[in-house]
Amino acid sequence: MTGTETKTQILEVSNLRKEFHTRQGKLVAVAGIDFAIAEGEIYGLVGESGSGKSTVGSMIVGMYASNGGEILFKGQDIDRPAAKRSKDLKRQIQLVFQDPGGSLNPRQTIRQILSLPLKLHRDLRGSALEQAVEETVDMVGLPLSYLEKYPQAIGGGEKQLVCIGRALAPNPSFIVLDEPTSALDVSIQAKISNKLLQLQENLGLSYLFITHNLCLVRNLVERTAIMYLGQLYETAPTEEFFTNPLHPYTQMLLASIPVMSEKEEAYKPSEVESVGEIPSPIHRPSGCGFHTRCPFCLDLCKTEAPRMTEVSPGHHVSCHLHTDSVIKEASRCS
Amino acid sequence: MPDNQNKTVRPRWDKFKRQWHKFSSNRLSLLGLIVVITLIVLAVFAGKIAPYPEHAGLYLDFQSANQAPSLRHIAGTDEYGRDIFSRMLFGLRVSLEIGLLVLAIGVPIGVFLGLVAGYMRNTWVDTSIMRFTDLFMAVPPLVLALVVVAMASPGFFFAAIGIAIAWWPWYTRLTYSLVTSLSNEMYVKYAELSGAKPRHIILKEILPNAVSPIFTKMSLDMGMIIIIASSMSFVGLGVQPPAPSLGSMVSNGIKFLPEFWWIPVFPALFVVLIVLGFNLVGDGLRDVFAIEEL
Amino acid sequence: MQSMPVFIAKRLLYGVLILLVLSFAIFSFIRLIPGDPVRMSLGPTVSAEVVERLRSELYFDRPVPVQYAHWLKGVLLHGDFGQSLYTKRAVSADIKEFLPRTIELALLSAVLILVFGILLGTISALFRNSWLDNTVRLLSYLGVVTPPYAFAILFLLLFAYYWRIFPLGGMTALPPELHTTGMVAFDALIHGRFDLFWDALAHLFLPAVSLSLGSIAYQARIHRSAMIDNIGKDYIAFAYVVGVKRRTVIAKHLMKPSFIPSLTIFGLQVAALLGNAFLIEVMFRYPGFSRYSLSVIMAKDPYGIVSVTLIFGVVFAISNILIDLGIAGLDPRVRLRTTE
Amino acid sequence: MTHHSIDQQPLLDVRDLAVSYKLYEGVLHVLQHMDFRVESGERVGLVGEAGCGKTTLLKAVAQILPVPPAKIEAGEIHFKGRDVLDNHKMSHRLVRRDISMILQDPTASLNPTLTIRTFMSDILKNAPHPVSKSERKIQMMAALEKVSMPSPERVLGSYPVQLSGGMRQRVCIAMCLLKDVDLLLADEPTTSLDVTIEKQILQLLNVLVVNNRKSMVLVSHALGAVRTMTDRTYVMYAGHLAESGATDTVFDSPAHPYTIGLFEATPKLSGEGVSDGIAGEIPSYLAPPPGCRFAPRCPQAMAICHEKQPVGTNLGNNHVVFCWLHAGTQEGDS
């Protein structure tokens, strides 16, 4: 299954799986997911902790290979660690981490930090390198004097701008943004989000925006997908996703968000109460992973995992309630 | 936030100035530094400063043996009539040399193995290096050092080798744990993902962040090594007579207690002073770097 | 999942393996360096024939691995550590005689370190920045930088020469006639021989204090900083806020986590203790295992050196395992990690 | 909430409080001129970004500020009419008996080396009327059941590491419930939790406070939670008060440029796009701006803002704003 058919896909993920072996047992972080991101699109991947959303991002940037499935980038299979990827591929896919403080080496100046990708990916040296570094800080809107500073000497938002600059320096076509604003204050988060939008538009980039913040996704991305216990539950164009959420988990999430005005309250499905805890990905529930918390749980949900189905153009749901009308008549479990 | 548009910013120098300010704002650290510098000067120029430089070696003058401290001999004289203060200065030189030699042998080996094992985590290289390290940590360090020295031959050089053999594993352990935790830092991950060479990652991304703890440990260890080296001289496995060493001066002097107490007491106090100096500096460094890591 | 006994067994097995490799390395080293320990031991006057006979008895005419295997077989099967060229007795007899005395000394020192190190550290932390704290900190600083033999000199001068409170050295003034465990003071105590007990204790006191003072000082510093670190933790603030009594907070909520780093550092103190026992036993003329080891080492006595290293390694390993068990007992995170 | 009258004594009354921290680098002047009031039975919200001094204020009230490095420079804290900063044993006892506080990070709040049972019985052992062991067990179970803890028996025997984040925070709340307090201070009780769990915890807190007619101070970065759960709101910026008033008033018609910027920067569920955020970053407490601390970032800053600290202006109905833009628009008494 793929999303919008008219555009060319820059990234296609199918049946992607990733397992980790822990002392407590096998942890299934990603349990077979499919999605595709179009050229020039901002794609939002939403989930709570333990949903496996960051693992998906890590596999795309090549932190490790998957345990099955496929990642196609511009039609070419890239499912392997970065060390085994071509130089051009490494240049094209960049990433920005959650914690700007931890992703900048405290022993290097901003100039040194920004020089690394330019040297590695664009083979720049000497004055060409210097010029490119200066262009980069300029692009993200930081003053040139910052080049000689150490990361500790600048603010959190500014650090994240440096990280964004570092990701942009090699002229990538695709950026994985893993919670890029979560560690920042709201007022600074807005500034960074804005900058990201502006750069995406100017440079024609595609983003995979990974976050737990639904409100941010609502205002930033074109398509939204929701993940829970390593699986995708619902994906739709953002407007559709928020105005017509179908999966009970989506509804529960939306209903849980504390909002600032009555106008926003209207977007919250009121009938779904938040109950229970997220199960451990080591001890996954059988059938649909959400059945332990689902208010509409059927007997079938406990035994059989639902499959993604397209309910309206571009809107996919993985839920028995929306898969088969016959099942709806079946008895509800207590 | 007003921007500092000054074009001639020198970040490294600024950082050093900031760290120096923190270090020197602690009076004890400063005192330690003064002690250490004074000791180094005394050791380097022992030949010029010592009132009786010829007393450092074999020298007999039984007429002036066992003299109490006086203006002529500020720390008294020993059983052969040698000026204890002069011998202490030469003993100091030996102590510092041995400390430096141990660190010069032990730290590069230890840090190198720690870096390699830490960077190649969970491979056979890591396992074999760390198992090899365990081998040298299976007995208390002083025991190992004594065995090594006794088997080779007692003296300055083998004392240093013996202590270094017992010492390097601690640097491997420290570096290993630093590298393991630093490897999880996002900036290291970024460099790896960008295809930076292992050399760059180890030398530019990891090592600079591991330097301060290693350096601090070296300063603290200097004192400890001097104690151990003097202990080895004390049991007769260190520097051999007639060359002066603080440890053997103490151990030879014990039999003159309590009448000629100055023979062992001044060298012993001198060891305390040397170790105190290095420890104060080490603690000062630790404070400065701990703050810097915040 | 593995249980605690399995974990301990694994640790022990690994420790033994490491020690065997180490002892083999040391043994080969001694046998490969030039020099003939047999000739050195018997002196120049003995005929070549006698030397040859002894060499063959000791397996010294065989290849080094065979010599080692022979020795190891004896150790593992019969507890026979070979023949010492230095004491000219069975090494095992020497071990049996000397080791308990050093263990007694080390145990007493370890108790002093734990009790006084933690006591002083706690007082210092609880009265932070008071004159009491400053005094403890100053003293502990001096303690850390003073070599153990300097303490020994100081105590000998003051308590043995000038004030004559304690004996100058040795193990006992009375004949140490009890040999149940080999630990003199302990044996006297279990036999109710209090005269001998006090005598042995008086002889142990200065050596034990000289041996432990530096470590007490270091332990106090570590415990103080561990406690101060924990005082600032949220869980202490939370304990106060939900209404736990101040005394309980200090004695339990603060103390328990502070013991964890403290106990870790105690492992290093044990290492220092076993090493420094050499100096102390020499200075106080205490006939213990360390002094014996030193003589054996100096005499380059092959079976003596490997045996001594092995014994030190075993004692060290056991104390490390005990400390790790202590830490696991205090810290459920460690416990859960090792048993899962 | 308009029933505030002069003759009625507030439960908590903080006047002109100033707190500083002495660090290696110098003295951080965190809180200054802090006035803060909680009436009996009132739920008060405290809003502001990271590092603005919210936690410092609560810790000062609960008397758990780490002294040193913290130092109360000036001001008074009146609780039930008594100045609790007088260092008297009675004040201490009063605070311990009648105030509880939930800290931000439940993982850090629970001693890792003690079981929940040990911790809880230590609390009960200090109760004014000590009870038997079996009675203690009953009380502990009751407290855990009140916070809808699944399998309370098992939880009692557990160490904190064995519980999930949400369960740890439930345990913390249960511990606060073991004594019958009048004032509950909740410092970002849900920041470290997932949004569905956050919803459950906030609901639980609200029910407990409202049903038992307790007073509560809720500090949260989730502005929506403060909006729905409190009667009155204070907004802080960099250790100073920005504005205070009835929650509805503050949220519907914020007056301080910082509050306005903060609200605008918060992404909305209704999808209004991304705002520009507020330029700049929070000033350093080592050398804070001499005038209004927000002046360097304020789009409407005037000359006076950089020189003098603003005084409170009452815009009516006790809606007080600390901003020179509003000086002279005073209404009613101050």
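As written, the chains take the letters A, B, C and D, and residue 1 is the first residue of each chain.
The rule we apply is simple: contacts are C-beta pairs under 8 Å (C-beta built on N, C-alpha and C of every residue); 3 or more make two chains touch, one makes a residue touch a chain.
Treat the numbers as computed from the prediction; the structure is a model and nothing was measured.
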Touching subunit B and also subunit D, the following chains: A, C
Farthest chain (mean CA position) relative to subunit C: A
Pair sharing more residue contacts (C-beta pairs) when B-C is set against A-B: B-C
Centroid distance [mean C-alpha coordinates] between subunit C and subunit B, Å: 24
Whole-Å gap separating subunit A and subunit B, where each centre is the average of the chain's CA atoms: 51
Whole-Å gap between the CA centroids of subunit A and subunit C: 56
Averaged-CA centre spacing for the pair subunit D and subunit A, given as whole angstrom: 33
In subunit C, residues with contacts to at least two other chains: none
Junction residues of subunit D - those touching two or more other chains: 281
Contacts with 2+ other chains: residues of subunit B: 1
Residue ranges of subunit B in contact with subunit C within the complex: 131, 134-136, 138-144, 146-147, 150-152, 223, 227-228, 230-231, 234-237, 247, 250-251, 254, 257-258, 261, 264-265, 268-269, 271-272, 275-276, 279
Of all residues in subunit A, those that touch subunit B in their complex: 61-63, 82-83, 87, 90, 95, 97, 99, 102-109, 113, 116-117, 120-121, 143, 145-146, 148-150, 155, 166
Residues of subunit A touching subunit D in the complex: 48-49, 155-158, 185-194, 197, 212-216, 218-220, 238-239, 242, 252-261, 263-264, 266-268, 274-275, 277-278
Contact set on subunit D toward subunit A in their complex: 49-50, 150, 164, 166-167, 194-200, 202, 221-225, 227-228, 251, 261-279, 281-282
Sites on subunit C touched by subunit B in the complex: 15, 18-19, 21-22, 25-26, 29-30, 33, 141-142, 144-150, 153, 156-157, 161-162, 270-276, 278-279, 282-283, 293-294, 297-298, 300, 305, 308-309, 312-313, 316-317
